[in-house]
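Just below sit the structures, each encoded as structure tokens.
In what follows, chain A forms one complex with chain B and a second complex with chain C.
Presenting the complex of A and B:
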């Protein structure tokens, strides 16, 4: 059992790398997407909403295959890891933008109105008054999405990224002990996801204290 | 660019539609087995008996905690280790049903919890038994709350059937990949596959949104 663990374990490095980079890109890219879907320009709003609906209507695996197997046809040949990061970044940007949008909608209109009335500009209102409150509201669902992304990163094994699931699969085919292997890999996924959940709860309670919102 | 990304769509479509049929079958079976399974585990988890609670929790947490891909491998390649071999199609049904049960379990549980306690108390006080109270008073109200999220889950499960590709179930992606290896026009065929998924997903999601708005008119909570 320990032997199998030492063989699969190192795959965790790529799983964590893939998840964290995609998550970071997604979290930042989601901001312009959110702003576009909330824009007062009809065209921009339409493009934003269209993008969100389009990306979400197609399974992640299909996007992954379009990027990895499809793009070389247009002269672009990303490595498996780059293809996986690119795909997961865009997909998470779209899903996170929906979470951000919900977070902004959850903030009372009065917050905008009051800060505008006090003479704050649109940018300052967004970044200093509403932004921090949105941050607190969206943190739990964003953390949940992060754990979901960790699980989605397993898809990268299908295009040959040597991460946890890939290693588990090779080990299964080598030893035939699929049950043992999958239980071990399952435990590793849970162990990676656990700190994420704990940290988010910790940060959430600290933000709660800081902004004293209930 | 020598050819457009649409070329070959005409020839590829019939093959992919056959895959769509299999994907819908997978989805249907997963839901038929998974939703009752989810309700059952929701009831198990809310029991005071620790063993029932533990069994329910393990089913739910494993189903939600592992990547669906690993769940598929677990059923297809793992169970043979304890001499339980399922065909690739049945393995996919089992894995997707498990996932459906795990996720829907939380939806059933939270919608049952959302009901005011007075509903249960009033039903019991008017002489209804535990089973009747659940069947005729609590469940119908909980279902009304749970229906929109359950339907959204159904759409997600349909999208997830693409994963059955890895255990060679002849669904959309399996056909698409094969067609790609023949024509080398991977981009074209995977885009067409994407369009097929979107053709099911977008109208379904729109309908669910309408239904959700109409249902919310009748809920007092």
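Presenting the complex of A and C:
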């Protein structure tokens, strides 16, 4: 059993790499998407909302196939890892932007009014007043999404990214010990995901103790 | 009316008296360029403000000139447009028509469109302090940081200078001890006093108060009213939407009565509150003072 663990284990490196890079890109890209969906310009708002609906209506697996098997037809041949990172980044940007949007909607409009009345510019209002409060509101759902993304990263095995699930599949085919292998891979996912959950709870309760909103 | 009169006689010693230095501190009087303007120095002028919500006309051609150091109370039934009028003065609500002048700056709106740049609008807002019914302190910042951040970002003051100013102001509103507390750790009255300090930190020329004590129980409201009274005594130009008839009576120089988006009566508190000319004013005061 330890033997199987040592064979699958190294796949965790790619799983963590894929998840963390996609999540980081997604978390940043989600900001302009959110701003676009909240824009007062109809065109920008339309583009933003259209993008969100378009991306999230199609299964992540299909997006992976489009990027990995589809782009070569247009002369672009990304490696499996790059294709997976690109796909999961865009998908998480879209989902996270919806979470951000909900977080912004949860902020009392008096906060904007006070900022305007004091003469703050839009940038300062966003980064100093509303932003930090939104961050507190969205922390739990964003962490939940991050853990979801960790699990979704298993889809990348289908386009040949050598991560946990990929290694588990090969090992099952070689040894036929599917139950043992999949229980072990499940435990590894758990070991990666659990600390994330614990950390986010901890940060959330600390922020909550520091200040409450309205 | 009798109860109002008794408040008055009981508090007459607290009546607003301008300190002796008051006129001299105002600097040399700038001669008005427009001949039509009255001889008294106008600090803030709101002219011909109209505003619609949907098809409803909530402000109907309202104009108001406020002199330097004057304290004006706006009273009237709810839904009369008092708060909307106040919010039009710093353009938190953009009126459909009208203009607001402060100093050399005039911001005007025609057909719901601002005729000035965002920069000019920000300049106006910087000179007009506002205190809200719901305080609107920034909950993620301590009381002190609530006061220092606007100074640093809007006026470009240094951290040190801003902190010095914040501490002075907190002392003035009696909340030095709360400097490092978050708003959620302060009572409503304390939060409102911090909010007043936050607005004062930007050295406004005019302070707008939008029902500053309505969200507070009467005892706590008194702390806030005391700070406002002190501010008035120091010569601050103030525009106060209020249901506090005692404040309107004792602290303000002028009382406006607003009904259905119009100023139906205005004058010194003695006349408006004690001997109103309009039947609608009498009706309103009767209802309010029966409480």
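Couple of notes before you dig in:
Quick note on the criterion: the second predicted complex is superposed on the first by the 209 of 214 C-alpha atoms of A that agree within 3 Å, B and C clash if a C-alpha of one lies under 4 Å from a C-alpha of the other, contacts with A are read in each partner's own complex, and residues count from 1 in each chain.
One rule holds for everything that comes next: contacts are C-beta pairs under 8 Å (C-beta built on N, C-alpha and C of every residue); 3 or more make two chains touch, one makes a residue touch a chain.
On a predicted model such as this, the values are computed, not experimentally measured, just so you know.
Look at A:210: by the touch rule set out above, it reaches chain C but stays clear of chain B. Contacts of A:111 after superposition on the shared chain: chain C is touched, whereas chain B is not.
After overlaying the two complexes on the shared chain, residue contacts for A:45 are found with neither chain B nor chain C. When the shared chain is aligned, chain C comes close enough to touch A:136, but chain B does not.
In the superposition on chain A, contact of A:120 is made with chain C only, not with chain B. Only residues 1, 62, 65-70, 73-74, 76-82, 159-160, 162-163, 165-166, 173, 176-177, 180, 184-188, 190-191, 193-194, 197-198, 201-202, 205 of chain B touch chain A when the two sit together in their complex.
Those residues of chain C that touch chain A in the shared complex are 90, 92, 122-123, 125-126, 128-130, 132, 134, 136-140, 149-150, 153-154, 182-184, 198-199, 202. Only residues 53-54, 56-59, 61-63, 65-66, 69-74, 150-155, 157-158, 165, 168-169, 172-173, 176-183, 185-186, 189-190, 193 of chain A touch chain B when the two sit together in their complex.
Remark: chain A residues 108, 110-111, 113-114, 116-121, 124, 128-129, 132-133, 136, 210-214 touch chain C in the complex.
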